[in-house]
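Structures incoming, each one as structure tokens.
The following pair of complexes shares a single chain, subunit A, combined with subunit B in the former and subunit C in the latter.
== the complex of A and B ==
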């Protein structure tokens, strides 16, 4: 492999080698998708820039999604890689407005992995699958030699069924929409980083990993006209909003003061030098919906413990298309950009 | 991780750590599935021991399958990891009797991977997808730090549609069935090993990687009553036959003299100390079908260049249930067991 190393702290946009930041969910990830994957694989489903593809299978509207999980460490406060692997793909389907039905699981194990670790992870996957009411129906296991992997990598793919007639996708977002966030932000990223850095905070901070179909379904059942949903994983709220703003060709403005962040997470972020708007979550989503339905949506969401912190955080505008703007606590206004480098590698 | 190392050359059946042979497609892979995955995930689809799951989605009969690819080296005579990733999952669907429709792709890249390698692999995936008439509709990319991966790992999952009314699965195999092999064996494994060992043979031996839905569909269209299909990947013909014999509760007998192996591959296997019956193929399958249709099936298959070597190699019997028996060239008869250790790690 080329030993090329960028001389500047921020990697050049068109590097000759893959950088950690290409997997960070920020600008370089987007460049990789736009410059390398889309030109080759380009199809309508991919170009919708959704969390998954919505397809027709024999007349049925089906959603199909995949994610690989490489989180480090494998076990962290509030969960392990198995929880992420099930909840993450369940959530990608839920963000397509699809009821998750079936998952596949592909394991890449490193030679020497203690069998007990694998058992723990697999048991968590089963629990999460039961909680999310999905069946793990097919799988595969590969083993790589010691030093060529990192314990366990898991890929899950999922199939869900779209029962709503709504077109839940970036293209449905309209100026005037409200942006609702399903709960308080940043716990997953802080939980991971606290283990990596060996830090202990006054309050125990556990990952927010959780399946999100139930709250999404509750909004649909309540007749809320959902325009778009996006889970707030790699790159956090700001990257998700930038993606939607770009794909929908609209501006998004959020009010910093209304973004829900718990006091322990806020404190931990200050110590760690993190901005909670960029920190990954594994059980949180943003919903774009008509402003008149924002309050009712927040109330409905708050009936779920995992959505207790739900709040309306901003709105969609016709101007400053493609960008996200932040009204700060102290009254200023600034552009909230995508992550440029890599804040927290291997967060999921 | 535990530094436990088995003291004997053949790993103990219930080791405390993951061994390379757990990914080899032989006995240890089967033990891992039976002792660890099935008890936890157990469901009808998994227990059918098929190459994929056959499911109902809104009334449609759908097949769903996944595989991860960790082949080393990434590029080899006749293909690269991208070809395997597309053809492999297309073939798992075809083995369920399903027309492949959609694929997902999850990449785990190692920091420092030359971008040109990724481009090559992705371009091959597109070509293979076009050739197999499937769409790559959803994807994901993760990056792991240098030394924690090995260039590129790819997972693909696939959705296919089952149009035949036949139940193509191990449980449909019957005593009296013939076993037809779709082409000559061993080229993929020999191609990989020749690069790893830096060997050159008199004849160029390229991997047999190819999509198999077209020949399977041709058999279905010809009205052949297919009972079961299995691709002959990790562990080769002998492991595939042992899996079917075990799952169907039947005996299988094959005649060594009728197993198609090309002269160059046979010669290379002798030099490398490999048994072509255990070597992985990436474009070959075995079909179990009524004996009266064996000849017609072989003729139909031979019309496809990738199936030019198709042959009837054996039969299913009621006795010696669960085992595979080999009538050797020199007239002896022996049990053809599953692979116990690991013959060729990371062959796919």
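== the complex of A and C ==
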């Protein structure tokens, strides 16, 4: 008969080097921000923990945001790094309730990059800028030695103007609010993975990259009292909800069955062992708004093709503050945690 | 979505839940063998649908969790050789070795790649003839056929720069070891459905007879598990101990004979050390002598220093269903997915990770 001697390993040394997951949008990213960046750079605008800073400049209310784009492959189904660079910053401004006006673009190019790739990316950036009605007004280019970059890295920064009187920020979220998601989730992450890992699916899954100011503006014009907006990029819906729950000191509950995910994305996630609630999107947001306006908001959003899948997925509560919980399809209830580390494919 | 939604239907779940409640007269402890099942249970909040008499304990079926520390250290050692490409399934790369994980080895410059199949690793070997490609062959009977196939194919094509680091373990010997432990309090098993798609379930019949324990081959969707529990409780309340197959849409009695033949051609049964549990007689697989050239342990002989395992982590007890993750004083405090003390906290099939990520609201 086997004798059991239960035992376990010594703790691994962690924290002394940067890991990929520090940029993954999950817990390690949050730790990096809270333990390293905020203590050094902390100021009122940063402490608001929003997608961008909302500032007062000579009486005008301005939003300012920046983001860097490092994606492999540079071109993927439904877009390329240029689309992400423009839409991403436009969306960060839109999430502050600001009309995006001006962008900057900084390019870090790797020696040997085919000029045709750069042309494709730049042409996409122009198209996206036109679609989002922003001007690209300043820029910079650097070239690094071959092997020291990954083709193209792009940084964009953007300025927008806040025309609404609403304070669209985590602190405005109230118990009783509804959580509306602007469209079906997970397409971007799955599109990237499908080309990165050379996986082919029966149906074509294209990235959802898109500018989001138009639908946000439509909600504002319809007089909907938006409390907070958050785009559902790295870490997906679950990370965004956890961030808001933490920042606003409220609980959030979502119903698994009401979260919109398209059939092809669900299928791909089932096969790959990924959870669509954690997969990145580049053209989706969550809106926190009074419950009485949820239905009207969903209807208004669905008039935009990129928001065709909009749905009310949950609500804000006073209890279980700081956490997100999920009612499962079969009627169980559990915590919906933040992504920890990168989502990785599993063994079997 | 077809073939998924049917197995997550809330009305059907409520029906099965009622059936289990009606049947259950006495307290029973059931072990689901596979970590994938544990995750479904915790992720779908399935405990909420069971009567308080039914206690589910979580089995050792997490291949990543039972891979010995020395082998992970060895993997990191091999990955750190300059000309190697070290390939692994995703969930192995976060598991801590004695000083670091494969992920941290990657951050330090090792070429560690996540693949979906050992055949992807074989393709990398074809494409990079000047480099040694090593695949971490982890898993139960489920992954054994594909790993056997990769080695078999490498031999057939004469690909010499490919090898596998074998950490294969087998389910039935582990179940017997758990039943033989004096702390065992398990009344019935939900056997791992995917293991049985390969191996069938004839080999469970003698176990069920010898230990008088019901064994229900069970799938991985919420309704599969509810139905498996319902079948197991029915046996227990009737005083029966049989092998039954809940997962009949995927599992046949005899399993997949072709896959079994390929496994037997490439591997042979051997004693294996299970992390946290100890050596289990006939508890795993190793490469047959004919395939020695594809054995990474032969190709990269390294000194495997015996590694001290820490006292604080109770993963050995968790893997045998003796304790639950929440019984561990380090759970969620000193041991989290970011700073794991043991493998069950990082693996996507680990019980501690399931409890941590999907804890009760």
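To be clear about the criterion, the second predicted complex is superposed on the first by the 329 of 348 C-alpha atoms of A that agree within 3 Å, B and C clash if a C-alpha of one lies under 4 Å from a C-alpha of the other, contacts with A are read in each partner's own complex, and residues count from 1 in each chain.
Throughout what follows, a residue touches a chain if its C-beta (ideal position, glycine included) is under 8 Å from a C-beta of that chain, and two chains touch if they have at least 3 such contacts.
Just so you know, these numbers come straight off a predicted model, no measurement behind them.
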| item | value |
| --- | --- |
| Superposed model, subunit A: greater residue contact from subunit B or subunit C | B |
| Touching partner for A:222 - first (subunit B), second (subunit C), both, neither | neither |
| First (subunit B), second (subunit C), both or neither touched by A:18 | both |
| Partner chain in contact with A:110 - subunit B first, subunit C second, else both or neither | first |
| Which of subunit B and subunit C A:161 touches, first, second, both or neither | first |
| Touching partner for A:43 - first (subunit B), second (subunit C), both, neither | first |
| First, second, both or neither for A:70, with subunit B first and subunit C second | first |
| Which superposed partner A:329 touches (first subunit B, second subunit C, both, neither) | second |
| Partner chain(s) touched by A:308 [first = subunit B, second = subunit C, both, neither] | neither |
| Intersection of the subunit A residues that touch subunit B with those that touch subunit C | 1-3, 17-20, 345-346 |
| Partner subunit C, residues of subunit A touching it in the complex | 1-14, 17-20, 27-28, 31, 197, 199, 253, 257, 263, 266-267, 270, 272-273, 320, 323, 325-335, 337, 340-341, 344-348 |
| Contacting residues of subunit B [partner subunit A, same complex] | 1-3, 15-24, 29, 32-33, 36-37, 40-41, 43, 45-46, 52-53, 55, 57-60, 62, 64-70, 101-102, 104-116, 118-119, 122-123, 125-126, 129, 135-145, 147-151, 153, 155, 157, 159, 161, 345-346 |
| Residue ranges of subunit C touching subunit A (in the complex, touch as defined) | 1, 4, 8-10, 13-14, 36, 42-49, 63-64, 69, 89-94, 96-101, 103-104, 107-108, 114, 116, 138-140, 142-143, 177, 180-181, 183, 194, 222-223, 226, 275-281, 307-317, 320, 334, 336-343, 348-349, 356-361 |
